[in-house]
Amino acid sequence: MRSDGREYNQLRKVNIIPHFNKHAEGSVLIEFGDTKVICTATVDEKVPPFMKGEGKGWITAEYSMLPRATQVRNQRESIKGKLGGRTMEIQRLIGRALRSVVNLEALGERTITLDCDVIQADGGTRTTSITGAYIALVYAVNHIVETHKLPVFPITDFLASVSVGILNDQALLDLNYDEDSKVKVDMNVVMTGKGEYVEIQGTGEEAPFSREEMDNMLMLAESGIRDLIGLQKDILGPLSEKIGNGQ
Amino acid sequence: MRSDGREYNQLRKVNIIPHFNKHAEGSVLIEFGDTKVICTATVDEKVPPFMKGEGKGWITAEYSMLPRATQVRNQRESIKGKLGGRTMEIQRLIGRALRSVVNLEALGERTITLDCDVIQADGGTRTTSITGAYIALVYAVNHIVETHKLPVFPITDFLASVSVGILNDQALLDLNYDEDSKVKVDMNVVMTGKGEYVEIQGTGEEAPFSREEMDNMLMLAESGIRDLIGLQKDILGPLSEKIGNGQ
Amino acid sequence: MRSDGREYNQLRKVNIIPHFNKHAEGSVLIEFGDTKVICTATVDEKVPPFMKGEGKGWITAEYSMLPRATQVRNQRESIKGKLGGRTMEIQRLIGRALRSVVNLEALGERTITLDCDVIQADGGTRTTSITGAYIALVYAVNHIVETHKLPVFPITDFLASVSVGILNDQALLDLNYDEDSKVKVDMNVVMTGKGEYVEIQGTGEEAPFSREEMDNMLMLAESGIRDLIGLQKDILGPLSEKIGNGQ
Amino acid sequence: MRSDGREYNQLRKVNIIPHFNKHAEGSVLIEFGDTKVICTATVDEKVPPFMKGEGKGWITAEYSMLPRATQVRNQRESIKGKLGGRTMEIQRLIGRALRSVVNLEALGERTITLDCDVIQADGGTRTTSITGAYIALVYAVNHIVETHKLPVFPITDFLASVSVGILNDQALLDLNYDEDSKVKVDMNVVMTGKGEYVEIQGTGEEAPFSREEMDNMLMLAESGIRDLIGLQKDILGPLSEKIGNGQ
Amino acid sequence: MRSDGREYNQLRKVNIIPHFNKHAEGSVLIEFGDTKVICTATVDEKVPPFMKGEGKGWITAEYSMLPRATQVRNQRESIKGKLGGRTMEIQRLIGRALRSVVNLEALGERTITLDCDVIQADGGTRTTSITGAYIALVYAVNHIVETHKLPVFPITDFLASVSVGILNDQALLDLNYDEDSKVKVDMNVVMTGKGEYVEIQGTGEEAPFSREEMDNMLMLAESGIRDLIGLQKDILGPLSEKIGNGQ
Amino acid sequence: MRSDGREYNQLRKVNIIPHFNKHAEGSVLIEFGDTKVICTATVDEKVPPFMKGEGKGWITAEYSMLPRATQVRNQRESIKGKLGGRTMEIQRLIGRALRSVVNLEALGERTITLDCDVIQADGGTRTTSITGAYIALVYAVNHIVETHKLPVFPITDFLASVSVGILNDQALLDLNYDEDSKVKVDMNVVMTGKGEYVEIQGTGEEAPFSREEMDNMLMLAESGIRDLIGLQKDILGPLSEKIGNGQ
């Protein structure tokens, strides 16, 4: 049994409040246990300079934590004057993952920016962000589809993400902060509704890991992601029907 | 009648959720209508270098808006690599205002940092921040008093803030964003429980204003602040009794 | 009697040398006692991007102190790599104040930048800057009016600024550095030739202040500003006649 | 057959010049085909502040490309004034990977900094850097062991890295730039001499990938890494004998 | 005859106002024609970290131009967020030149910072700065000698600087801005009272220059510097007697 | 005899590998003894904004050292977030020197950027860079001439550079790092094939230097540069014939 009473293959309680922000074209507040992230999607009717004229859209992401999202207060990156390596890695990951399920040609020359702001952190902020940002993205895309009467719904599949790790030779699903700081391997998996991998990042800083350990982690991740996609479908309701027809 | 149906002398609906953050020594989510700010207070058992050895504490504040807190998305200051003038002005104001009701000697050599993060903006973010940060500050100070068994409660008075303005020759209390963008004068007032001024900032960028107009605005501000302090007392409950005994 | 022998309601000796800089479209060296500021006005035949095509002009200000303007040398902001909060607050104030007496439509799509560089500081650098920058502005506007044969002189009123404070229960006009560091309240007032307020900023960091104290300070400020505007008229000579006809 | 004539499971020609730099405690010039990286290891007899007094050493890495290492010239990050996200990701990866085979306690309170400077790029710069930096690290560690007569050789295993990908449904080993820009999946694998994973990073930006594709890629990577470790042993000669005894 | 009526070997009118700043340990306002520079010397009773404990002093310089010192307004380096190459070159030159005539051991572990702020520019700002900063330096050193009763006066010689150039095959002394922008060679010479070179910087960007041209320029520079040192002696009066006894 | 066995008037062994980089339009690896610099020339078919439409080309340079090029590791300027004064001085010098032998009109509206990256340093990195960058420049210019069929070869003369200094009253040619740190005067000379000066920079930080010492240094520099130009001709082969016909 885990410190918070969960089984090894059990997600934390996931809570999703859609339309959390009154200004954004898409938004949710998503909670994986005590990890809480506000995800907003902003539509901009142009693309970055390097993509101009190609007739394709762009999806990008930014990630940040409020200074006291964590147990010990972190200095703001605005005050340091630059983004840290961890922030850059995470926001590059979020953007890349979401782009994999968007038909950029069908989206047209527009940019959607996903802002993932962690207001409280307890492990798994990047996987929570991807899972929540996906929903905000769908709302924003739907807003575009309706406003501009796009012939095709440009989201090609569902997408969610979860962390897994090995603690005392046991693979665990959806690590909280306490577990995350103890595991010997930490792996983040991003997967589509069809069960294919979009991103796998496994790191054994403390110690290398074997092929068998990896296989166990991947199995757990797959089952967790299937559950998360189920929750996304519940929240999105009828919008779910439109996904995947655009490919 | 105002666009949102309020009387000229009526505050927006104020909502305060205490202990919103599980990590911070003090925290609230405060809402003035659609303006929503997370205020956290962090205690650090040391003071900035320039104050070392003086036996006094320090109160400082940081202010930020999530990129999509506003109707049009704002670029993050962490990406610009520096704080804008507006941010600096506001966080200097918040820190200065809160220091005016803290007995820094009684606090001892500690720093309390108030983080005010606007998650949704609809006018009055700086006055909402001051009013909410005050509560987070009281919780954090109480935490110190209890942990370190301080003999005196180092908060000397209540403190709240509200905006006022002149629109079509009519003074208005607690401007929302729509009103804020139309008024000819905009004034922010910070006042103590004893009814004294801590800060008055009145600006007539569009047009200068007369002494009479100023007097009308100050009268409205005073009544609004009295109501806000009433709400602070309700939230703080028995803790309210300790305030002002430390002077 | 004050440390420098002045009465409570007496300005320091004010000295203004017009056309101090041979390159600028308008310039003065202005001295309030030992506080010395070079103010230059630069005309640029375009406006910032966000104002393009609106047919209106723009007035902006920058403020800086030489490193040894002060008793203790300050590090240059160019070396720190960023502007401090105090600098930003002051230059935003100067720009805002000057814009309030300019008819921006009549000015046409041009920008005037006021550079206020403090070469020696002894309190009141922001009020000295506003008072001096106003004169540089009038020269630069006159240069535009003559060069481009504008039909209207786009300055609508006079404008000056002074500081006031409360020291030992006595309101004082035009604080020098020594007084500034001792007062319990510090207020900067910007006022037009017609006696209306453009900006009031009162701060009681050490202690809150009462309505009566504020009234006393405002009265002193008004008399000081009237004298400063008299000096501006002396310097500007016949140019004074053109001011206020443009509204 | 691949564009450069290689088999799907064939490494590019690997060339390693040890002791390339006369100042550094360890150095190599390593070439994977036309990708050329100078790796130097610098020993510093102290650790970062956050590790002081723990009795453990630290390994860190920095990565950069000469502006014309690439087909199109890149702007220097020193001129941009900040590191890009890609640079940060890569140097965090290199440092993390190398730390996994160092017994930091046995190293003692010292820092070894690995500088990986790409002087010509043709794909796989991060895997080339890890493979070369490992050798520079061994030299530098040996320098410490001999200078300070450490009782244990603090390198616990060999370590090398290679990229793999899927192009036209075929898994390929050690992608060059041309291939890298065409593959649908790109995976970087870091593995130890014992055949355990230290890091797996697989990304399917263009399209998701299946479990079977992943398995194929991992198999290729393993064989490539085994060959690279063979080359490392050839270069290190007798030093190879000391590795792995320190665990 | 030159555009301003001078002979080829004639300096501009040089004007020096000593003790221009009431706060600094040494200061002058120096004018070479329309080029005007405020030079202040600040004494700090410590040295930079890299010199700590060596028993030697340090002399350093900073250089800046007010934005409207020039015909066209320059953006402030504080707003750009960094110093330009020209600024760095000049301030490194000023510091290096002044250090050459200071006995750093006799000065003791102190730093003197020379701030050279150009308030109006018309060519030759770096040579004007060196010539003026030298005087401010002597005042500051004298302040130290008297305050700390140093046994030796740590200035070993006089020092001044002037520019020379070749225009239409004619060598010219002390170029103004107009000439500076037309010459084919521009040379700055720094020389001691004993007639030895401290720095020679000759640049023929437009066209290379011959040995004979260089000789002509050096001859002119020497005569100009001799005159400047004469003016320094007049200003310094009896203090001049102490210079050179410290070597 | 010098520490490395050379005569006072002897260059170090100079080694030049042309076409060192497969991507650049021109490149060399140049070695003056243990000082090794990679010089690449990049052609860009446009000019900086301030030169647009003038029909002229532009030559610019960037200079950097790998962190461990030196005995003690230097922090990267990309991590400091800005270029140091030394870097700026050197790259401005390289660009200025090369421009002096290019017919910018004949080049047409194109920019050539010379990147000089020091991979190992042992004194004289700036003179080595100029001498090597010249060759890379010629290759890149030739590439333009051939691609665009320019009627004139826009390089007007040869150009090389060397350092000289005075050690123990003896003038020395081509200082290595050890000598460079001991000399009382350090002079860098840039000269054309016709024997005219392009740049002379002599600095006597430790002690001033006499006219006679300068003359001795210039004589040595001239002979050294003549030899370097001989080597450039050997490397360039038939291309040498085209140089100087473009003036």
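Observations
We call the chains A, B, C, D, E and F, going by the order they appear; numbering starts again at 1 in every chain.
We take it that a contact is a pair of C-beta atoms (placed from the backbone, for glycine too) under 8 Å apart; a residue touches a chain by one contact, two chains touch by 3 or more.
By chain, with names taken from UniProt: A, B, C, D, E, F = Ribonuclease PH.
Keep in mind that what you see is a predicted model, and the values were worked out from it rather than measured.
The chains touching chain B (Ribonuclease PH) as well as chain C (Ribonuclease PH) do not exist; no chain touches both.
Listed here as common contacts of chain A (Ribonuclease PH) and chain D (Ribonuclease PH): no chain. Between chain B (Ribonuclease PH) and chain E (Ribonuclease PH) the CA-based rotation angle works out to 120°, given as a multiple of 5. One finds 51 Å separating the Cα centroids of chain B (Ribonuclease PH) and chain D (Ribonuclease PH). Centre-to-centre, using mean CA coordinates, chain A (Ribonuclease PH) is 60 Å away from chain E (Ribonuclease PH). Note: centroid distance chain E (Ribonuclease PH) to chain F (Ribonuclease PH), computed from Cα atoms, is 29 Å. Chain D (Ribonuclease PH) has residues 81-83 in contact with two or more other chains.
Beginning with chain E (Ribonuclease PH) and heading toward chain F (Ribonuclease PH), the contact ring passes through the chains as E, F, D, A, B, C.
Touching chain C (Ribonuclease PH) in their complex are the following residues of chain B (Ribonuclease PH): 82-86, 88-89, 91-92, 96, 99-100, 157, 191-192, 194, 196-211, 214, 218. Chain contact summary for the complex, chain A (Ribonuclease PH) toward chain B (Ribonuclease PH): residues 21-24, 27, 34, 38, 40, 42, 44, 62, 64, 66-71, 73, 76-83, 87, 113, 115, 117, 119-120.
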